[in-house]
Structures are given as C-alpha cells and as structure tokens.
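One structure below.
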C-alpha cells in the first residue's frame, strides 16, 4: 500500500502538467480531466485510509522513499513520504474538498476562456498541498510549502488583466516569502543542531538540545506559520487574496492552504512541547489574530473579505489551540477540518451569490436573496450555523473544545486566553449574522452593474449546487462524527493528547459559549435585522473605519516597507550610479584629463619630439654618471 | 697638450650639431647638422684609436662615413621628393603625426 | 597516449570559430548552421567528458601535459575535477541555445555593404569564447589559465561593442556611444583585474618556481614549499581581485549592468552565465587551492562583501527600469551567493556554490533569453513600455514566469537546491551571515514578481496588442532549458555525484572540516 | 711625422689644435646660424676640412684623406646640389614658431654638453698608447686598416656594401617617378590645346627687346606690362622672376626726354606717353 502514496501526488501533478502544457486542444475536456485526477487522488486517499484503519493505532504510519533528492556531503535530503494519521486527515480534507471544488469550478468558470489553465493550477495546488502534508522531512515540506505559495500566486492573479488581482497575487507571494525566511532558518537551525531535518530523528531527539535553541526553532516555525496562515503580523495578504476566483478562495484561502501553518506547528509538536516560551508566543499570536480577524470581519462590506476576516479569526483559534500543547493539538486539527467544511461551504455559497448577482461583492447591494436562491440560502445558512457554534453542528464541537482547552491552560494565561476565545465566539456570531442578514434578508438593494444590466438572481447550476450541499452536510455532521467516532484517539499516536483540566466545568464553558453566541447574534439582529441596511456605508466609528482598512496594518506596511523601500532602492540606484561607479569614472576622468594635457606635448612637430629625445638622452647620461659616481 | 682636448672638441661639435637639429626648420640644414654630429663622433673615434693604440677606432669611423654616405643619399632623396610634392623643405610642414 | 579529449573539447569550437568566420558573405545561413552544429558537437564531447569522469577516481582526470615554455616551466597542462566537469557541461549546454537565440541578432542591416559579414563574425566570436572558457575550466597550469582568462576578453569586447541590442530608446549614434562605453568599461575593469593577477602570477612563479597548480598545491601540502604569511596574503589578494572583478563582487560590479544592458540578450547570457563563471570557478580552484591560509584569513571580509552583494544587488534590481539591467543586478546578487558559498568553507556551501554556478547559468539564460525575445518584439528595454503581455502571448509570459521563478529559487526548480545548500552551509559556519543572506530570497521574489507584474499582467497596452507568441525556434531555446531546470530541481544527483568528491578535495586543501551538529541523531529505521 | 703623431703632442700640434679648433667651432656655429642653406653648407665644409687635418694629426692618414675626398668632396657637393635644386637664394627665417622650442633646445644642449664634458673630465684618460706600433705593424696606416677590414670586419664591410647599393637603389626609387600613363603624342597634345581653347600658339619667348635675354626675365606685353607666361613655370613657382619692365620704361622715358629736349618738340606728348606707361605699369 505504501507505494500508493506517490500516486496521491502524482495524479494531480500529472493533471497539472498535461493541462498546462497541453495547449488549446484540451480546452474542451480539460476541466473534466482535472476533476477526474483530483477524484483519483481522493479515491487513493480513501483506499489508504481504509488500509490504515485496519492496522493497529501505533503501526498506522506508512513511509515511502522515492530517491535521494540532494545528496551532498553531510546533508541528506530525500524525496520520501510519510503518511500517518495527521497526514491522512489532511489528505482526505485536501482531496475531498478539493474534488468538490473542482466540480464546483466546472460550473463557476464555465464562461472563462482560460478554464483549462484554471484547472491546471488547481491540480498543481492539490499536488503541492499533498506534498506539503506527506513530506517526511522539513525540506520537502518546504518544497510543498512554496509550491502551494506558487499555486496560490497563480490563482489569486488568475484574472491578471485586473491590476488589483496582479497586485494581490504579488503581495500574497511576498508576504509568504517573509514567512518562508522563518521556515528556512528553522531548517538551518535543525541542520546545525541535529545534522538532519527529517521528521523522525529531529522530533525524536528534540529533547536533547537546549531549550534556547528549541525556542528559536519554534519561533522561526511560527514565523513561517504566520506567513502561510495569515496570522498577525503577516496577515495582510489574505484580504487582498480575495481577488482570486471564489473557488480558489474556498479551497486555498479557507479550507486548506492557509491551515498549513497549523499543520506545521502540530507536526512539530515535540519541538514546541520542549519550548514553553515559543508555545506562549504561539498562543499570543493566535489570540491576537483571533480578535483581529473577527474585528476586521465585522467591518467589511465585501462578502468575501468579511469571510476572509472570519478565516483569519478561525485560524487564530487553531493556532491558539496548537499553542496550548498536547491539550490542544487534536482540537486544533479538529477545528481545522470542520472549518474546512463550513468555510468552504460559505465561500462556495458566496460564490454562488456573486454568480447570480453579476459578480457584485458588496453586501450592501444584496438583500432579500433567500427567495431567489433557496438552495444557496439553505447551504449557506447551515454553514453559518456551524461557524457560530450552533449546538450540535460541527463548529460547536470543535470550537467549544478549544475554548475549554484555553481555560485549561491554567493560571492567569488560561483565564485570559479563555476570555479571548469567548469574546471571539461572540464577535464571530455577530459578524456572521451580519453577513447572513445583509445578504439574504431585508429588502432588495440591488444595483445595475457597470454595463447597466440589472441583476437577475438565480439558483446556480447543479455542478455548483451539489458541492455546496455536500459541504453543508459535512458542516452539519462533521463535528458530531468526530466527537463520537474517536477523532482524539485517531490522532493521539501522532500528536499526543492530555485531558486539560479547566478551572471551570466543561458544562459551564459550553453554556458560556452558547450564551455569547446568542448575544452576538442578538446584537447583529438589532443592528441589521431590525433596521434597513444603508446602501452607502455610514462613516462609522473610529474602530469601524480602522477595521475597514484592516486595522491600518496595510497603511503601516505601505508607509514603512513600500514607501521606505522605494526610497531606499531609488537612493541606492543613485548611489550606485554616482558613488560606486563614480569613483571608477572619476579615476578614468582624471587619467583622461592628465592625458589631455600630456597630449599637447605630442604636437606633431618632429623637432619637438627630437627635443624630448635629446633631453632623455641627457637624463640617461646623467643617470649613468651618477650611478658610476655613487 | 693632452689629446683629450680632441674629445672636448668632439663633444662641443656634437652638441652644436644637436642644437642645430633642434632649432633649424630647413630639412637640408638639419641634415647638415646630423653630418656635423657624425663627424664629431668620428673625431672621438679617431682620438680613442690613438689613445688605445689600435686601429679599430679608425675602422669604426670608416664605417660611420660609409653609413653616413648611404644615409645622405637616401635622406636627400626623401627631401627632394618631399619638396616636389609640397614645395617646401621645412620639417615643420610635415606635422601629420599631430592628431 | 590516449585521445586528448579535453583538448578536443576546446579545439572543436575553436576550429569551428575559424571555419564560421571564413564562410563567404552571401552564405550567412550556412554560417549559422555551422555554428550550431559545432556547438552541438562540443556538447557531445562535453557529454563524453562527463561520462568518462569517474567521481571516485583521481582528483584531476583526463590529464594532458605537454611542455610549452620550457624556460619558465610553463606547461600546457589540462585536467578536470568534478567542478570543472560540471562547468564544462554548463558551457557546452548553453552555447547551442545562445546560438539559436541569437539566430537573427547579427543579420546585416539593409544599409550595410554586401561584403560586410557581421553574422559570421558574431557566431565565430561566440564559439571562440566557448573554446576559451572551456579550456580555462580545464587548465591546471596557472600561466595557461591566466592567458585564457585575459584572452577571452577580446572576443567578448567585440561581442559587446560590435553587436548591440537593436532595441534601444535613443538614436543610433547614441546607442553606439552607449555600447562602446559599455564595451570599454567591461574591458578596462577586467584588464585591471587581469593586470593585478599577472603581478600575482609572476610573484607565484618567483616563490614557487613553476606554474603547475597540482605541483604547487602538493608542495604546499607536504610542507616542501614554505610561503611567508604576508607573501601568501598578497598573492591571494592579487588573484582574488581579478576573480572578484570577473565574478563580479560588490563594489567591482558596475561594469556588468552596462555590459548586459547594451549587449544583445544572447551575449548578455554569455557574459553572466558562462564567462563570469570563470571568476567564481577560479576562486574555488586557485584561491583556495593555492593559498589556503590566506583564504581563511580573508574569509570574514569576503563574506561581508558577498552579503553586501546579495542585498545590494537585489535592492538595485528592484529599483531598475530596464529589464536587462534588472537581470544584471539580480545576477550580482546571485554571484554574492556563490562567493558566500565558496568562502563559507563547508561541504554544503561549496557544493551549493558549484551547483549554483550551473543553475544560475541555466536559469539566467532562460529568463534573459525570453526577455530578449520579448524586447525584440516591442523594441524597448523599459519595463514601463510593457503591460498585459500575458493576454497576448501566454506562452511567452509563462516561460518568462518560469525563468523568473527559477531566479527567485522556487523549490522544484534547480536554483533552489543550490541556494539552500549555500544558505545551510553558510549558516552552519556563520549563523548571522546565513540569516542576512536569507533576506535575499524575499528581495528576489520582490524584483521578479514586480517585473512580471509590470510587464505581463494588467490591461493590455496598445503597443503590445499585436505581439506574436513564441515562434518554434524560440520555443526550441526555452523549452529544453526549462526542462533542465525542472530536472535538476528534482533530481540533482547526477551533478552532485560529480561535484561531491571535488568539494571534499577542496575542503582538505583548506584543512577545514564541517561543523558537527550539536546532537548526534540515531537514524530512525523508519526514515530509510 | 708619423712618430710625432703617434706618441705625443708637440707644441706644434697644440698650436694647430687651438687655431684650427677655433675655426672648426666657428664653422659649426655658422652652420647652424646661417640663414641661407648654401652658406651653412660652405661653413660645414670648412669644419670638415679642419677635422680632416685633425684626423691626420691623430695618425689616421687614410681617414683624413677620405674625409677630404669623400666627405667634403662628394657628400657636401651632393648637399650643394640639392640646395640648388630646392632654391639657392631662399633664405630661412630664423624666427622660432614652436613655443619654447628654442629654450628647450638650448637648455638640453647646454645640459648635454656639460654632462659630456663632465664625463670626459671624469674619465681616466691619461695614458696614450700612440698609433706608432699599430700603424707600422702591416707596413703603414692604410695596410693596417686593410688588414682589419678584410679579416676581422669583413662581414661588416660586405654589409656596408649591401647598404650602399640599397641606398642608391632606394634614392633612385624615391626620386624617380614612374610614368603611369602613355605619353601623349604631339597630335593629341595639339588637339587638347585646341579643345581647351587656351594658348593655341606656342607660348611667347622670354626676354625684352634683346636687352635682357635671360630666361627669368618676362617678356613685355604691348602695353609694357610683363607677361608671366613667358617665364618657365619652375621659376615662376619659386618666385624667381626678375621684373625689368619698370627699368625698361624708365629707360624709354629717359630716351624720349632726351630726344624731346634735343628736338625741342612738345613736352606734353612725351609726358602723356610716360603717364600712359606708368598707368599700364600699375
């Protein structure tokens, strides 16, 4: 069975290669081929899953060694895969949700002339993401890590003729690269510390080195995770990334790629467990992002950006949980999977809405859509209930566990983290209700598009609706399934698990969670359900305005990095031209000036030359005489 | 009298000839000055010959004369052909080496 | 006496150059085909060299040795180690593509006389450069190497000054002036470097009594040749200066952007991908091989210069408005990495540096040649003159992007392997330097993506609307290069197998061992 | 005499040296200071003769004679010949045209001379072997030279022979102008002249009324002005045309005046005639 692991990656990779190199001949069948290969990968994943379930919990990890990648003295990097329970979870999520979104895209991208290439990119993404989660060493993980970055770049900028899309793609790649510095330094640190960077040996001997080194490695891994998972301070790209086609937002920027940071931290659990300081920073980052994303999500009128803020916030939950150590790893992954379902569903719903509304994204121009798009409304609604943690739905189970674990951290930290998670839950309920109300309820606020066509909201084609329905099912049932089929036991051999002991009872936490949810929903209803929503956004409070601008982080980046960088490069270009080159040119000019003066001696008159010859002879005689005299 | 005086005389004549080469523009006169320098050398050779008591110095002076004759023939031919084309025998007129 | 394979590898392009130059004026297509065939034949020979080279064998293989100038102990002495083999392979691999890419670059203008034969001259000069570069990778005699090092400036000078980019903003006279400025600058910089090296070569002879690299290195190793510390340092500096100009290292780099900007794209590739490699190659072979102590003494300063090159080159690339100058500054940044890897003096760093030379050659060739195709279509080198090309010429844009991604060292493409090895190697010895160098990867992403964004994306500009996509000849240039980049990115083993033993020898030259990891890890069985 | 010359310097030789040495230096100075090339040549010839005497005094009898016969006699005559060819009357301007040339020349010359003198003064030149033995070894100076030339210096001698041949051939080549086109026949020349329409008849002869028949005197036109055409082009180019028209007119005027006085005829006519002549002259 091990040999099938390569097939997991190989199928979508083949699809990408064929679709991208195949040319226009494949235009008509390309999307089917892409979808088929994603489905093949999913099928292989299921087969491997079935095989894995048949084994003992401890023996479930599978390895496949393909070949030595970079064989250099003292440096072994292999193309080798490791499929354990953690990877398996991701494989199923990636290929499953990935396949659904492929199907969805068939309808969504129907009118795009470059649909073949879109599927090529999607396949490329799936392959890279699988490589990321299947790698058995950090360098190969880095390969996948950058691969998904590339796919994300290509897909965000898929509509390249829009300057905003091209800029957003570039921004995403660059911010991710900053995070990549972290990953590469972490790998280098591992290499100098352990002499290798394969998961097995590094994690097994993590305890043998100093805590300081491990903290450094941990913080660098966190930096990488921040970049990929859009955590503060590297979160700024995610909102802009919504320029990409909606299926991309659903797959990459909600369900899978952005959660790679969580995977990285959970995968490196042994390192973090031995470095409590790093763990603390992880939780702080998670907590800050959780609130940051939630606040941003409250202020955005663009439906996708509101959802992007929500994604950021939900990943904040996961990171926070991952930072809690063995009491949180499992729940981080569990929330990751449930979030993958409901957020993908929400994005697909949003895409469906946009599909029917002439690609309008401003929620203030929606309203009353539930009658026109009943299926979208229902699936979106179920996703909504899941994310706010409506009891019994998937989000409820996973989020509740994280909040409980946060309290279980213990001490003041535990209280603070618990409070933050609860606050986050309230805000989540608030902004998601706002989205729901502005989109599907209230009166119509539709506007003609740029060409003057009034929108004709309609239900999307089957290829789009079916994936939405399936994801809605997952959003509803996922949590319960995990809760009652032993997700904890499933992951425990990989991540380890301890029961957290919260200072308050689990029932109290659950009650509090439900209570803050109700408060959040109620507040949103008061603001958006009872009163009509203005088409033009009101000026809003200082916080609202700041949140609309991503809490000014973009402005900060622009002022410091973009403007400063532009000035720096401009001045360096000047310096290079005047100073570095100038020194050389100055030397040349002075030599030239001297020669110009010397040239006057060469006046072309034989007699002048004769004088110099004669003088030279005299000097030679003088020198000879002097030498003899001495 | 010390025969070294001949050497002083040779040196003086040589210097006069050299200065003449430098200050005259007429190519023929320049040539004459060159001849003067050669003759000064010859005088020195002959004096050295006497000083050392062998005839090699005279031989060299003899060869110098032959070479001088050859040189004069070619040099004057050049002057004549230059004069033919430029109607001038001034060495300053031939300043094409100047950029 | 066996077949002189190394001589043949250099002689084939040299003879080919003469034959190409002799093709009559009217038969310029024949000259092109001849040049292509000769370069392919050289590639075959280089492949034979690669195959005949045994990684486990002697340090220098396929050795040829003949007396040349007996009085000074100068010998015609050739031999290749793994590093030389890799770079010969690179050179022989790139030249056919350079020839193919420059197929029409030297066609005579309508206004020129019928007897004028620029095409023949262009291809003959390229082959001449190839011959000299290959021979300089083979030479194990310092004097022979020096002569080749200098002699290759002559054809390069004519290639830069005589065959400029026809896409220029100003008038013809203006362009000609710029071009001759660039060519003279190239020549002067390199001549000054070469002159200083000549002094050091003579000094070496005075000290050692012969020019043979192998003999001197051996004598130094077994202690029969003592060299005073200061002597060694001065000689080292003399050699290093020349190589640093050629490489080029900050602050001796300013000739490169001019030369690459003014030359045609294939010639620019020839400069940066082939000729400049002689500089970094010579650092490895001569600086470290002949002056190990001085190399160690100078390492801190050189590491700092390399770091400055990396960051400075990348920052200046960001600030460029001219596509070709941008690539030139990017190359300066990359050469910083190569030098860093060499002087980190770890196995990973030096293997990485060697691989970097090869990979940088291929990736820059891919990027620069596609850029050349782009420029030839629009007739402008300014980034601002482009926009939306992706919509009009998707294949061109796609290949350009892949070239760019290789330049920014995306995993999966060859440069990543080498860049990461350099970083790891440097980090193991000098952690701070490793961290600073890592910022280079962000800046690389910045200049590549900004370039791509401004030229390829956005609304289609009026001037590019009718731009044709890549033609078959151009595809034949780009596709194999990209294939090689992908192959070496995933499976660099053929190259590392050859390079590893050579690096081991170099490490023993400088008597340095790799820093050992802090924790010795038992290999987990499962990882196998 | 030979013994005298060989061994020591007598008072007579000293006297001879001081007198003739002064002459030689004056001759040399005149060579470089005379404005006319022909004068320079004559001064140089004088210096050379003095040198010939010094050669004799130094025991180089053969060279002394050769100096007079070959150098002064042949080479200097060659100089004079070329001077004539170029223009014997042309005087050079001694005004210097190159800035600082004269000062540099003087300074260099002075420095050079001082150095030479210092060098000679420094050298230990007190021993004089004399030429007596050398000259008598083969029976005389000429025989001694011959013995050396045809033994030790035979190669150099042969080479100088080759040099002389080459030089003479070279001189011929330099001055000889190859005719590159066919010589035109008289008919063709005549036709050309007709075609060009100038001077159909032969050019007028030089000379005036049989008073001045020299070739450098232009013939006078009917109005009394000289005609350049009558003088050959070489002289014209050199500017060596002697204008005698004014002289002729003055003579004519004087004659007319005299005859008028004698005949007592009207002066007005004569004055008119003279005025006409003057105007035409102008």
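All chains are identified by letter, namely A, B, C and D, in their written order; residue positions are counted from 1 within each chain.
Rule of thumb we're sticking to: a contact is a pair of C-beta atoms (placed from the backbone, for glycine too) under 8 Å apart; a residue touches a chain by one contact, two chains touch by 3 or more.
Please read these numbers as outputs of a predicted model, since none were measured by experiment.
Starting from the defined contact criterion, work out which chains touch chain B and chain D both, please.
Both-contact set = A.
Centre to centre, by mean C-alpha position, how many angstrom separate chain A and chain D?
It comes to 103 Å between the two C-alpha centres.
Need the CA-centroid distance for the pair chain C / chain D, whole Å please.
Between these chains, centre-to-centre, one finds 71 Å.
Mind checking the centre-to-centre distance between chain B and chain C? Centres are C-alpha means, answer in whole Å.
Whole-Å distance between the two chain centres: 61.
Could you please state the distance in Å, as a whole number, between where the Cα atoms of chain A are centred and where those of chain B are centred?
94
At least two other chains touched by the same residue of chain C: list those residues.
Nothing qualifies.
Counting only residues that touch at least two other chains, what does the list for chain A look like?
603, 605, 607, 611, 614
Pull out every residue in chain B that's touching 2 or more other chains.
Residues 18, 22-23, 25, 92 of chain B each touch two or more of the other chains.
So, with touch as defined above, which chain pairs make the list?
Pairs flagged as touching, ordered by label: A-B, A-C, A-D, B-D.
Which chain B residues qualify as touching chain A in the complex?
Chain B reaches chain A through residues 18, 21-23, 25, 91-92, 94-99.
With touch defined as at the start, can you tell me which chain D residues reach chain A in the complex?
98, 101, 104-105, 108-109, 111-112, 115-116, 118-119, 122
State the interface residues of chain A toward chain B in the complex, per the touch definition above.
Checking each residue of chain A against chain B gives 599, 602-607, 610-611, 614.
Along chain D, where are the residues that touch chain B in the complex?
On the chain D side, the touching residues are 5-6, 9, 11, 13-14, 17, 21, 24-25, 28-29, 31-32, 37, 40-41, 44, 47-48, 51, 54-55, 58-60, 62-63, 66-67, 70-71, 74-75, 78-79, 82-83, 85-86, 92, 96-98, 101-102, 104-106, 108-109, 112-113, 116-117, 120, 125-135, 141, 144-145, 148-149, 153, 156-157, 160, 163-164, 166-168, 170-172, 174-175, 237.
Given the complex with chain C, which residues does chain A contribute to the contact?
Residues in contact with chain C: 20, 61, 63, 65, 67-75, 79-80, 136, 139, 142-143, 145-147, 150, 153, 157, 160-163, 165-167, 169-170, 173-174, 177-178, 180-181, 184-185, 187-189, 191-196, 198, 200-202, 204-205, 208-209, 213, 565, 568-570, 572-573, 576, 580-581, 584, 588.
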